[in-house]
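For reference, the structure discussed in these notes is given below.
Going in written order, the chains are labelled A, B, C and D, and every chain counts its residues from 1.
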Amino acid sequence: MSAIILETRSLTRTFGAVVAARELNVRIAQGEIVGVIGSNGAGKTTFINMVTGYLPPSSGDILFDGNSVLGRKPRDITRMGMARSFQVAQLFPKLTVMENAMVSLVAAEGTQPSFLRPLDTPQRRERANAIFEEFGVSRYRDAFVSTVPQGTRKLVDIAMALVSRPRMLLLDEPTSGVSSEEKFALMDTVMSVVRQYGVTVLFVEHDMEIVARYVTRIIAFYSGEIIADGPPRSVLGDARVQEFVIGRDLNVDSAVGESA
Amino acid sequence: MSLRKFFASPTEPALLLAAAVFAAGAWVMPAWLAFLLTLALAKALVVLGVVIQMRAGLVSFGQALFYCIGGYGVGLASQYLGVGDAFALLALGTVAATLMALACGWLLTRYREIFYAMLTLALSMILYGVLVKSSALGSTDGFNVSPPSFLGWVPEGDARKRTLYLLTVFAAGAVALGFHRFMVSSLGRVTEAVRENEIRVEYLGLSPQRMLFANYVLAACVSGLGGGLTALASGHIDPDMAIWTTSGEFVFIAILGGTGHVVAPFIGAIVFSVLRTFAIQEAPNTWQMTLGITLLALILFLPKGLWSLVDRSKPEVSA
Amino acid sequence: MQSKLCNSHHTFRLSAIAATLSLMAAVSTGANAADNGKYRIGVVTFLSGAAAGPFGVPAANSAKLLVEALNNGKVPAPYGKKGINGLEIEMVLLDENGGATKQTEEFRNLVQRQKVDAVIGYISSGDCLAIAPAAEELGVPTIFFDCGTSKVFEVVKNPKYLFRTGLDSVVDNIAAAHYVAEARPNVKTIASIQQNYAWGQEAWADFALAFSRIKPESKVVSEQWPKLGQGQYGAEISALSVSNPDLIHSSFWGGDMEALMLQGGARGLFDKKTVVLTAGETGMEHFKGQVANGTILGGRGPFGAFSPKNALNDWFRPAFIAQFKESPTYPAYKMAQAILGLKAAAEKGAKAGAMPTADQVVQGLAGLSYEAPSGTVNMARTKGHQAVQSVSFGEYQFDAKSGKATLTKVKTYAGECVMPPDGTAPADWIKAGFPGAKCN
Amino acid sequence: MTTLLAILIDGAIYASWLFLVAAGMTIIYGVMRVLNMAHGSFYAIGAYSAASLVSWYFSGEHGGPYWSLLILPACAIVAGAIIGLAIEQGLLRFLRGSDEILMVIVTYALLLILEDATKLIWGVNPYFAYQPYKLLGQTAFGAHLRFANYDLMLIGVAIVIGLLAWAALNRTNKGRLLRAVIHDREIAIAMGVNVNAMFAATFAIGAILGALAGALTAPAISVSPGIGVEVIVLAFAVIVVGGLGSIGGAAAGAVLVGLSRSFAVHIAPEIELFVIYGVMFLVLAIRPQGLFGQTLARRI
């Protein structure tokens, strides 16, 4: 059992009367690829938002590498090595894909951006191109983000999160809004990259086939609580999960088999 | 080393050339035109400050604050500190504006959209009020700025005006070069990214507010320089420099020129000055209306400003 | 993307644009500056903004009337000669609105692009201060017809081309102090309400100083500083009422003044209190009995309702009323006397029928003493560049039956009585007790 | 003691005037997200039309003097409705959904145009409609302090208008629809709300309120060029302090600004000039969205 990279201790968040997260205790070890499942409003995104410092928890603690990140700003947590992607790709629509990448490269350099030296340098172009290769989006390099297809935006979004070579990556529904033809291709690309970088991944996903295929462990949320946590087979087999989360009888063996 | 190495982009030699053309004009163009251009170029520097904020998604309705501080910095320094040298005066004015920006930028850059516009407006109106109250500084009459010396040399009459014109052209050229580099620099592009999506910038590990703050200070700095040059050229300063309609005029010119390129505000300012002086001459009773209609026409038919006439090849930043 | 897309050729195209503009500007000058043998006068006054109604437009109308009449030789002696020195006058009218910086720019355009031979104008003191040095620099005869700041000839120490044919505001307020002291001998407490800008601040400073010098036992019970153009004076009126003074001094002008009188009147502010309005004359026609009888009005000189009876006035007043359906107020008179001064000077200097040069005009005007609808104007101060004239104050009387407003108990103070001698700062002169003042 | 009384009454009067001036602007912003600089021109146009009509009314035998009190609002409604509809349908309609700041600039252009337009129509000479102001007489508070009943009446008018606006938004079906439009334009359209009509009506009502403020002020002032520009920044300050787009906010802002100003006038006249901006700056520094403004929703 390798070192714990992310741990939450009885993490709780309430919005008025609504409890979006109740007493969440999660421990994720280095190198794990964890899927978080749960119906809408189960508290998955709230969990990610809290962990990345976007939402302050009502109570509880979050430890990244053993240090509490409570009260830190998202940018600090990012600099500590925890990056995230978004349910709706968060990009710079009026900039080109290349420029989007370069901005994230500048950010990843750790120093404050220079106000005289140009953003567009051969070195950054080179690195950006390499990344585009990895994610197979090279042909959109010079297109304005607002004009590229949904799937590509998702990829660019994730690529930008990975530019800083984080040690942990949180993916918020990577395949939402992506056609079912594209989604496996997309996940294959992403997963090959993260495996190659050796990034610990936690991703929220609706699509059980996706989850079952790529993860080593599943955490199931239901109305702000964790109702199951463990290897895909056992969690997907869990009766309450089947009832509350999946809502239909999924063929566990076939689903899990593919990923093994 | 070769020129190509020396210049970051082909725009730079072109800018130098344009500056040279303007400078050469000093000996051929009528005096009134030289004076008009002096004020226009000085104004363009302030507008440049508005423009870089627009590129970061913020519209300042109080840029006159720094225009005024720059002007009063120059005026007070020559009046009470006995500083006579144009360069020293401009430096003082610019520094004063920059210090002011450092003092209030941290607060202002927490705000966006209308709130930013309103707060900047409020700040400049507070300065206006203070100046109007201080009869020692001539209240609304302001006071005159005595003609400066240039590194010990004190030109007279036409020579003075020409020197001031050349100084302004020089300053404008230098600033244009610097800001052209800034606009394509890492920080310059990141401020655009902030306009596009603050959350993403934050999650890339950068502080949007810090970017905007740097941008704000830079804008204040150049606006202060513009104010200082105006004070030297017109030889007079008064609180109207800080009133909100003055800021409105700067925004007007920014829209007129567009935000697409460093030269856009310069085109905007020159066109505006020419347009206004002829509007006043041909229609002394309805020149405001003329300006208003022009502005509307621009927004409706030329939303990216005059610059889009020069450069139609890409969708452009809008306020 | 900037660096990628905006290559040098854009910049060339835009320098082209700039060049074209300059060209277009230059060309159009040709049109304007055509030397058509006419004597071109630039007239700059407020055509928009709050000062247009009370000052700018009456002055502009007066200028139109005078230029037209002069060109047709309709003006009585000694101004019977057509135009200026026989040359037709051409007037270039500009709006003074928009601030001093813009005005300096437009002044240069007037002189250098429109090639005017003389400039008459400027109501705002700020504009006067900004224009003064430019006028000397460009060497064009420039006459300030109205602006009231006492600093004009501090800015330009020994003027050559710069003149002012009107009085400054110090004079108004010293005269006002004298008048109040004489007409209301038992005034003890005074309050002030001024527009919060240079004009109001200076006016109150001068009046307070002068009055305390004349009546040391008087004391100030309230000072109100509403914003220029505020229009709503509820709170200020309450404050004044509560302080309950014997006298209220105000240098309010135009719409603000009329609004103040309306609101104060409706709230009985002026019952058993005297109000002195140093610029009140422009309101004569509008007050329509809204102002308590006995309110003390000034007209910044022997103008408007204070104007004397003489041949020129017998022509000017009816002609103005006939053309513009309202009586000429003081700005109209001041404009008229500026233009007549220019004419007199030009014809004194130049030989008949010839285009008067700038130097001939300024030599002619310096120290000149000439006739105007307001009586004799002596260019007697600051080396003959500042006019000396008497100042009058009087009490407002409204006759409900005839609906006519008149001025009673008019007192006139000669310039020698209320003007500090050359080289003395007004404040020092007042503090010293008006040394050398010759009052009748 | 008298001073305190004076401060309160002056504050109340000034506050109600501020509210009248700001109400239209905040309603238009609330519904259309247009911060309308031309509001000042509506004010001026209302004042001019009222002044010219009232002075005509009193110039001859046109009926009892008290009817003039009805002329004022009548002018405002007619003038405001015409100009409001003309501008909304003639121009703003084509700019729906544009950037808020862009709309500020558009209405700034409108302001420039309307300023000269009013000048072309009414000239630069002042207009007076003082008769209604005197009509209602005055009320004495203590020995020296007297108020014009007309001004006291303004307090009532402001309260009534405030309540009407509130009730219209919260107690009528049209109002509920309007709030739906404010809340989510797309859904409202989907629900079949005629947004075009809604916007036109809103802008007209806002314009009418602006004109009404001018018309009701006309009797107390000399109606002359520039009165419009004066009120713009005041109205801005009030609604920004109160919270953009909220009627209650405009009321609160008006009271806060009104009281602090009359306090300044009586206690420290020196600072009166910038007390308003001071208040605005402080409020925004402490509570950016204004007293009654809602914070923006989360974006992810």
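In this section, a residue touches a chain if its C-beta (ideal position, glycine included) is under 8 Å from a C-beta of that chain, and two chains touch if they have at least 3 such contacts.
Owing to the predicted nature of the structure, the values given are computational and were not obtained by experimental measurement.
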* Structure fact -> Of all chains shown, smallest offset between own Cα centre and global Cα centre goes to B
* Remotest chain, chain D as reference, centres from CA atoms -> A
* Asked: Roughly how far is chain B from chain C, going centre to centre by Cα mean, in whole Å?
  -> 34
* Cα centroid separation between chain B and chain D, in whole Å? -> 34
* To do: Could you tell me the distance, in whole angstrom, between the mean C-alpha positions of chain A and chain B?
  => 44
* Can you list the residues of chain D that touch 2 or more other chains? -> 115-116, 119, 270, 273, 300
* Asked: Where does chain A touch two or more other chains at once, residue-wise?
  -> 90, 95, 99, 118, 120
* Structure fact -> Multi-partner residues in chain C (2 or more other chains touched) are 1, 3, 47-48, 196
* Where on chain B does chain C make contact in their complex? -> 8-11, 13-15, 17-18, 21-22, 25, 29-33, 35-37, 39, 132-133, 135, 138-144, 157, 180, 183-184, 230, 234-236, 238, 240-241, 246, 260-261, 263, 266-267, 270-271, 273-274, 276-278, 280-281, 284-285, 287-288, 306-307, 309-311, 313-314
* chain C touches which residues of chain D in the complex? -> 2-3, 6-7, 9-11, 13-14, 17, 115-116, 119, 123-126, 128, 130, 133-134, 138, 143-148, 150-151, 217, 219-227, 230, 261-262, 265-266, 269-270, 272-273
* Using the touch definition up top, name the residues of chain C that touch chain B in the complex. => 1-3, 5-15, 17-19, 21-22, 24-26, 28-29, 32, 47-48, 92-95, 99-102, 104-106, 108-109, 111-114, 125-126, 129-130, 132-134, 137, 149, 151, 155, 196-199, 201-202, 205, 228
* **Interface residues, chain C side, partner chain D - complex** => 47-50, 52-54, 56-57, 196, 223-227, 229-232, 234-236, 238-239, 241-242, 244, 254-256, 258-259, 262-263, 265-269, 286, 288, 290, 326
* Note which residues of chain B are touching chain D in the complex, please. => 59, 61, 107, 110-111, 113-115, 117-119, 121-123, 125-126, 128-130, 132-133, 199, 244-245, 248, 251-252, 255, 285-289, 291-293, 295-296, 299-300, 318-319
